[in-house]
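Below you'll find the structures, each written out as structure tokens.
Look at the two complexes coming up: chain A is in both, with chain B in one and chain C in the other.
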Partner chain A sequence: MTRPPTTQSDLGGSGYPGGPPPRRERGRWASRIPLRGTKVPVAGVDTPALGDEHGLAGEAKGQFRIVAGRYVHNRRAMGSLIVFLLLFLTSVLVGWFWKYGYAEITKSYARATFHIGPNGTLIAGKSLGAPSWDHPFGVDPIGHDVLAQVMQGTKTEIFTAVVVAVIATLIGTTIGALAGYYGGWAESLLMRFTDVILVVPLLVILIVLANRFTKTASGWLPIALVIALLAWTYLARLVRADFLSLRERDFVEAARGLGAPNRRIIVRHMLPNAIGPIIVNATLTVANAIILESTLSFLGLGIQPPDVSLGQLVAAGEGAATTQWWLFAFPAGFIVALVLCVNFIGDGLREAFDPHAKQERR
Partner chain B sequence: MLGYTLRRLAWAIVIMFVASFGVFFLVAHSGDPLAQLRANPKTPPQVIANRRALLHLNDPFLTRYFIWLKGALHGDFGTRVDGNPVGPQMWSHFWITLRMVIPATIISVFVAIWLGVWAAVRQGRMADTLITVSNFLLISVPVFVIGLVLKDFVAIPVNKHVGHTIFYTVGQQSATISGGFFSRLPDYAAHTALPVITLVLVSYPLWAMYQRSSMLEELNRDYVRLARAKGLHPRRVLIRHTLRNALLPVTTVIALDFAAILAGALVTEIVFDWSGIGQWGFAATVGLDFNSVQAYLLLTAFFVVAFNFLADVIYGLLDPRIRLA
Partner chain C sequence: MTEPVLEVDNLQVTFPTADGDVLAVRGVSFDLRPGEVLGIVGESGSGKSVTSLAVMGLLPRTAQLSGSVKFQGDALLGRSEKQMMPVRGRGIAMIFQDPMTSLNPVYKIGWQIIEAIQAHQDVDKGKAREIAIDLLTRVGIPNPTERIDSYPHEFSGGMRQRVVIAIAMANDPDIILADEPTTALDVTVQAQVLESLRSALEVTHASLLLITHDLGVVAGIADSVIVMYGGRVVERGQVDDVFYTPAMPYTSGLLASLPRLDSDGSERLRPIPGSPPAMVDLPPGCPFAPRCPLSTDICHEVEPALVAVGGGSVEDRTAHLAACHFAEDVFAGTVGPIFAATSEDLEDAGVEAG
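The block that comes next holds the complex of A and B.
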């Protein structure tokens, strides 16, 4: 595609000469992002010809569309996305419309049956409370409907993981970007801080923190915050490395030469170029958060009753996993399904953002 | 090289100190460690006062930290809330954990390298697809689910089918064990098998993924094509030329992943009821036994830092570009 070497949108004009503004494109070609609002006097630059801008908008696709196009053609990733959304939708719908609530105690309950064998020994019979039309996932020994509980747990797990991913991504990106952009003592300080957090396994610090803060708290938000406050370290290192190399690129120098403030260079010029790994990592953080939260709940330090999480249900069903299999199999299966979907989505995004990552033998 | 190593070591030590302070701060503010003692109304106030003095609870926070630090540097990890010294207990539990972690790490490394190489060589074929999908599946299963599935749906049916216990699912050894080391060995093995398999299944998939991609990268290089063109035996090209270079990034990943193995061991120990360091540390955390938690975290941190340092040194040794940079 050919275009005149300088247009106003390249150098930072402050408005569009009438008509609808052209669709702004961000991403790999960050120099194309109009520096709207920067007061840079640019002498001798004509306003861009409207026709040219429109021609471009028709020809070039934004990074988002390119990535989405690649993603849609990845069958495994697309399938995982659909399954994940279906799981989420089902968990919400079951919460609204299912005849039993997750905390409701129904009339039936799970129990073992015995009969007396020929020489007076007790022989274990079939357990009652197995999955049926009335209770598709069975009931537990107290009388809770397992379908309602598993769906509530799934919902909780997704909310927790998404909140963790959003917060951890914000923290990790900020710290990594600042360290990578400014370098020097700021970088040393921030990265050593990251090292200090990395020095003890995440699960172990989480156990100490959860024991202190969330054992008495209710709901999923406190535990999500605790996980989020520690789960950003890997992303911070990644973003820092990206920013270190982006810092040396010409477009950054150009923006700096035009007087763009540091904040603007970081947010509008460098960040769009590092967005791929950040989004992929955010997805993987969702998967990690589900595993961490369910592990904490399994250990009794995560989400506390009466709130329900999948790890907690697995812990409750563990004792009778062979005879009352539905108490273990459904919550455990849903954890695995959720994490697997998210991992496949992350892998699909990675390939969509960076097709070269998919190595082919020559 | 020496300067590079020393610089890394100096940072590692500083990080350890800062981390130990952070940990002490967290644990010291976690609650009343003597709550259990106070819960019994018959405990004489003098006993509580003595225990407070023994645990230095009357001193201000910073003093307590320095007392602890001084002790820890001399190998004395202080007193448990119940009045016993921390050190001996910690080492005996740690030894039990090593019985699980060392075999698991060694097996995982070999499984990961073998599967990774195999998947890379057969890229796009059945074997590759199977290995890749199973890797994805395994990294998506939490440790406790793998442990419970092995325990309830593998060990118990197998034991029932055979008629006697092949796999023990509880504890690290039988309570009634006696005799010399070699007569105990079968009992140890029967207890260790399942936890080790659990740890292997959670550790190897990620490493195998790294091995596969690093192998693919090396296989595309010109020297591999040259070696083949010269007429070297394909296996020799694969093992002596390609794998040697492909192992480099994986070595560091494995060393850096040691923290994950320790966390995995914690959950595995709880599932299989091993009295290893992880379960000990977990019980100490829940019971607010601050000196034990402190010792556990310090020990864990020490190994993580040591393995990080090792990764740096290995990388520096293997790749001159790193140490010269």
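The block that comes next holds the complex of A and C.
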């Protein structure tokens, strides 16, 4: 006999019931392990877990709660989510309460760069509108407050990206689900169409479309639509693959055997089983959309003045990156922060939906 | 005499594949009376599951079907998906083999039972939930008012299969079609699941088409039995007739291969040597001939038809039928124990003699 089965002595050695659970146990089971003041049954620790597994605790755990539980225990993903929400909240609050509007032209730049001396001569100022208490992110040569502009850009960026993600997810899921479920010529048609969209160089098409649509219309919605119309292809392939395997599962056959119509089988039976990859992909689409929108705006084809986007600000500040660094660094930094947060959120969601993915990567 | 609730006549199912047409079912005929329990027995690949899926119209679109399937006198073959919907669940309910996969993992079992009820009955959610709890009670789920809000992963295999049976009962079907309902389960819970199935039959007065390769299950629950081999019915009759006096060497081989509780434990199991035929390019003659100790030249040339043995008539639906050139001899036991010894036993004997 090499190792006795789990007994009291085994437990006593690790000081298990008193101290914190071993690190490995964090996550799904953490909340179920009694921390203090609990008698450990002689039979072994898994007694409470066993009871719970059979639902005797009277608490049913749905997919959503399991996933949410795992996500909450992922420190990096939770941190990113909090930072992202803070960024969004700040951008909204700054838009409402900050003393300068994003389109407002202040006199601060003029005051900072020169002033009129006592005998009517111009005297050079100490700065070129660098960050100060009055303008934490500095001022641009026109006199715009950079904080107000960056925050407005952040807000635009988030709205654009979320709208892109929602529309692209709807299109991608619908096409992928129909192709995967029906197969045959419907699948060929839909997937060949997807392939065509996929092989077309995205940026070139975006530039052409953006040039047509966004020059004539204002605001962020047109550019969001343009990006969304091209960003659904990966999701369509993903959902199709998922539906192909789901279609062969017994419960789908059972639903058909029950007399359920196709639409109900797709929407109520198969879609909830494919929701993990769809949500993860939607999140990553948000990150992609931010980058794409910034790129287009940087090239001058995205959001047009007087609306502000981060890419546009980077383009405007790029020439002065070495002298007036605040014009470049703040918008660029915010793009990076947003994309990073969204990517970490996506990673966290993927790990929450599929815990095995994390273990394999280690 | 009551009308049959299900009539299958000369059903043929072919799957075109790259290697040629796979003849999965070759002319299967049977009927099912109200309240009757019919077992279909055969080894893997004998066409029993394909037969059941053909009845439900759940075969892949590539399958080519001919013959006829009639449910309460109405043809089922050739119906569109839409026309099949009222039959599925309400007329014929199906129980699948593996309860681990036949319940949707993301929904509570209550949701799934209620869905089944509301698919065919115009009742509100509260009423449907009451019915669902009642169904769970009937199939022997303890504490159903609480367990109805559990997810499938919170149930054991046997409990899940009972939930599946409850779903099958939900719309008071005329036929329950069970495709190997106990195969995926532990032996210890098989009996409990069969008990649930039996009470489902009592409540719904449905007929049961039980597909299995477990002869013990058939002996325990079925009235009559069909033995399938190579996509055909090779023997048919009342359970007692077939099990006590098999008239087809394959059936007697199946029965002889069962482990016996009354043996002293020193006997070897007696498998039927060989393996079932590939269903592509079947040679002429009896499909069992290559494995059959009785086979003669005629067996390899002419495929035997189903004939009545023991003085019955083919027209009589309770008659004992068998498809063998030597059916009467096997039936009468004049050819001796066919699978008394395996080839291994014979080899052992030879070694000892030498």
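The rule is short, and it goes like this: the second predicted complex is superposed on the first by the 284 of 362 C-alpha atoms of A that agree within 3 Å, B and C clash if a C-alpha of one lies under 4 Å from a C-alpha of the other, contacts with A are read in each partner's own complex, and residues count from 1 in each chain.
Simple rule for what comes next: contacts are C-beta pairs under 8 Å (C-beta built on N, C-alpha and C of every residue); 3 or more make two chains touch, one makes a residue touch a chain.
These numbers were taken from a predicted model, which means no experiment stands behind them.
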Simultaneous placement of chain C and chain B on chain A, clash or fit: fit
Partner chain in contact with A:95 - chain B first, chain C second, else both or neither: neither
Chain B versus chain C as contact partner of A:256, first or second or both or neither: second
Touching partner for A:207 - first (chain B), second (chain C), both, neither: first
Comparison of chain B and chain C by chain A residues contacted: B
Touched partner set for A:184, first chain B, second chain C, both or neither: second
Chain B versus chain C as contact partner of A:272, first or second or both or neither: second
Which superposed partner A:63 touches (first chain B, second chain C, both, neither): second
First, second, both or neither for A:192, with chain B first and chain C second: first
Minimum C-alpha spacing, chains overlaid - chain B and chain C, in Å: 12
Residues on chain A engaged by chain C in the complex (per definition of touch): 53-55, 58, 60-63, 184, 249-251, 253-262, 268-269, 272-273, 275
Touch list for chain B against partner chain A, complex: 11, 14-16, 18-19, 22-23, 26-27, 29-31, 123-124, 136-137, 139-145, 148-149, 151-153, 156, 213, 216-217, 219-220, 259-260, 262-263, 266-267, 270, 281-282, 285-286, 288, 293, 296-297, 300-301, 304-305
Residues of chain C that touch chain A when the two form their complex: 56, 58, 61, 81-82, 84-90, 93-94, 96-98, 101-108, 115-116, 119-120, 146-147, 149-151, 154-156, 164, 167
Residues of chain A defined as touching chain B within the complex: 192, 195-196, 198-204, 207-209, 211-212, 287, 291, 294-295, 298-299, 301, 311, 314, 318, 321-322, 328, 332, 335-336, 339-340, 343-344, 347, 359-362
